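After this come two complexes, each holding subunit A, first together with subunit B and then together with subunit C.
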Partner chain A sequence: MGVFKVLEIKEGVFENNDRQADLLRKELKQRGLFLLNLMSSPGSGKTTTLVNTLNRLKEEMKIGVMEADIDSDVDAHTIAKQGCKVIQLHTGGMCHLDAEMTRQGLDGLESGELDLAILENVGNLVCPAEFDTGAVKNAMILSVPEGDDKPLKYPLMFSICDVLLINKIDVLEHFDFDLDAVRERATKLNPNLKVIPISARTGEGIDEWVRWLCQEVKQWQVEA
Partner chain B sequence: MHELGVVMEVVKTVQRFAKENGVTQIDTIVLQIGELSSMIPRYVHECYPAAVDGTELDQTKLKIEIIPANALCKNCQQVFNIMKNRSICPECESPEWGLLSGREFTIKEIVAC
Partner chain C sequence: MGVFKVLEIKEGVFENNDRQADLLRKELKQRGLFLLNLMSSPGSGKTTTLVNTLNRLKEEMKIGVMEADIDSDVDAHTIAKQGCKVIQLHTGGMCHLDAEMTRQGLDGLESGELDLAILENVGNLVCPAEFDTGAVKNAMILSVPEGDDKPLKYPLMFSICDVLLINKIDVLEHFDFDLDAVRERATKLNPNLKVIPISARTGEGIDEWVRWLCQEVKQWQVEA
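Coming up: the complex of A and B.
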């Protein structure tokens, strides 16, 4: 048996994943495939918003969906009913997806001829914020019943997102949810954040969201 | 729990390092966690056995060094801990400072052969 000695590593814990994510993004660019990472707490309306989005966009582009919600393929069935390609990722109870798992998901989707792949990440505002999936853009949903203090409690999530959808605005009148306060708190953390209030139930605001997404996908493909 | 997934990331990095450097036996892993990191040292310790279970790192020891949340006052150049001073310079009471350390979550080293 050898002699124990100290070996210096000095590596940030997220560095390896960050490298994998950058690599994946480069490949996505070459293929002209846009990957959207959709995050929120459980029940904020990711699946409902997705269904709405697919309905608006499925004639216009080829879309695939990766479902990562823990322990159930209910969401995958809901999405499949929209006639889009969907796979259920088995996260084994993990609280987030990393770039490697996302890459495996894309392989499983056989994403060859797709324009847009959407990842419904695990419902959680902490861990997914620390793991870059390799997505081109990050979107998060905050729903009205969750409260307007969330940017204060989960600052990292708000700072890494490109777009914030404030969902369930159809029930605004029943909650003391201050939309302007959320806007202010979130953009203070992230001045480039695009904020879009929506209701996945009534369809309000979905146009603006879909327009934003469409624009981003086209831009990505032009640059490819 | 948030810490488990992240500690599994630590395990992956150490496994890769061990392979690349011909390390055959690991005794201790030393992490550095900043006071402002979202990782809570006690939880990291608690989930460590589960994270290493069934890997080559099973039975290894975990050591955590806490890195203070230190800042440099922009007004009087005093270095102070923002957690202990409620984000205000203890010398001149200025709230204007630049963070020097405290956000780390780093694998510092391993004791191995």
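Coming up: the complex of A and C.
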């Protein structure tokens, strides 16, 4: 427990990333492996949300986590403590992961037996939105202290996600943050977006999020 | 008041950005114009800090602001309300500004008469750190809700900055954030880094920050 591999991933060599992403998704479907791509700004609570998610789901399905970071192994240490399979991916300064880089991570994770692989992408609201990783679903976290104007400023990220977790709602009263305004701005960009307010710290809303994720994984495996 | 130009900036064509940045800095020196590059994650309080800074300094010197964003004019509206010269730069999806893009912004701002130009860079802790904009000094904001592990995870950004503002210290009690740990981690990467805890909302620490900035501007102009 608490042991993990560190993989220095190499930049993708394929010109057509969308094609590589579709190929990876097709392969994942055949294997019945669900890949979730989790994105957000630095410090919005991706890792704490993951810890909470793993604790609810780890008895129910086999889960592996890929922690992508420019540097450091802080998050992989945190995840490994939960007794989950985890690999730390170092991007070598790169600000995003593409499908080929994600494939390197899945290989390093030895994902053969898994039901669910989660990629914690580099903390960044800009670049990761531009590269399809091959994930089955994209999730993003926006935290209350970041402000309710973010859908206006980073529209692509909100457009390409399937689910938006609004985190740190336990500190809502200390910030000028209009939950309804975010919901309206985000769903205007992306009418199919599922919005779930959560607090990764107190656990509020995690049930709904885990239910959503569980259902998506099962559906993916039934169709496999 | 409240009127500003929106400029769609073009990607830089020069291969050697460092050389372009040095050229721009040399030119700024001759003109006695101080350029500050302000960077941070999305939502750490760049614009609110700027509003506070402008209100303290606008009687003392001529200031212009360049608001760089992927999309939207939210921040330029906020700055224009302070009665300051401002231009909104749209990066067309680009995650950073290089020296040539900054030069386009300065031209658009009509910066001829200014003492101080401030570039509010794209909200991103990764890419902007890799491109010298030609600024005289680099400042970054880390806000309390983002967490005290950020120097470990985004070391380059902390390494290239001259001053680190630790914002939102008014909500310190609601978060697990160790101010001393951040200071230690950041100055280990960058021993010359000036660290100033602030609250852009309550105004705490802004005096020290404005004093630092004022002194840097004056020194730059004396040497010009």
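Methods note: the second predicted complex is superposed on the first by the 209 of 224 C-alpha atoms of A that agree within 3 Å, B and C clash if a C-alpha of one lies under 4 Å from a C-alpha of the other, contacts with A are read in each partner's own complex, and residues count from 1 in each chain.
The rule is short, and it goes like this: contacts are C-beta pairs under 8 Å (C-beta built on N, C-alpha and C of every residue); 3 or more make two chains touch, one makes a residue touch a chain.
All of these numbers come straight from a predicted model, not from anything done at the bench.
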Partner chain(s) touched by A:127 [first = subunit B, second = subunit C, both, neither]: both
Partner chain in contact with A:156 - subunit B first, subunit C second, else both or neither: both
Touched partner set for A:42, first subunit B, second subunit C, both or neither: second
Most subunit A residues touched (candidates subunit B, subunit C): C
Touched partner set for A:13, first subunit B, second subunit C, both or neither: first
Contacts of A:95 with subunit B and subunit C, given as first, second, both or neither: both
Subunit C-contacting residues of subunit A that also contact subunit B: 95, 124, 126-127, 130, 156
Complex contact set, residues of subunit B against subunit A: 1-2, 4-6, 8-10, 12-14, 16-17, 21, 23-25, 27, 31, 38, 104-113
Interface residues, subunit C side, partner subunit A - complex: 41-44, 69-72, 74-75, 93, 95, 122-127, 130, 143-147, 149-150, 152-156, 168, 171, 174-175
Complex contacts: residues of subunit A adjacent to subunit B: 1-17, 94-96, 98, 124, 126-127, 130-131, 156
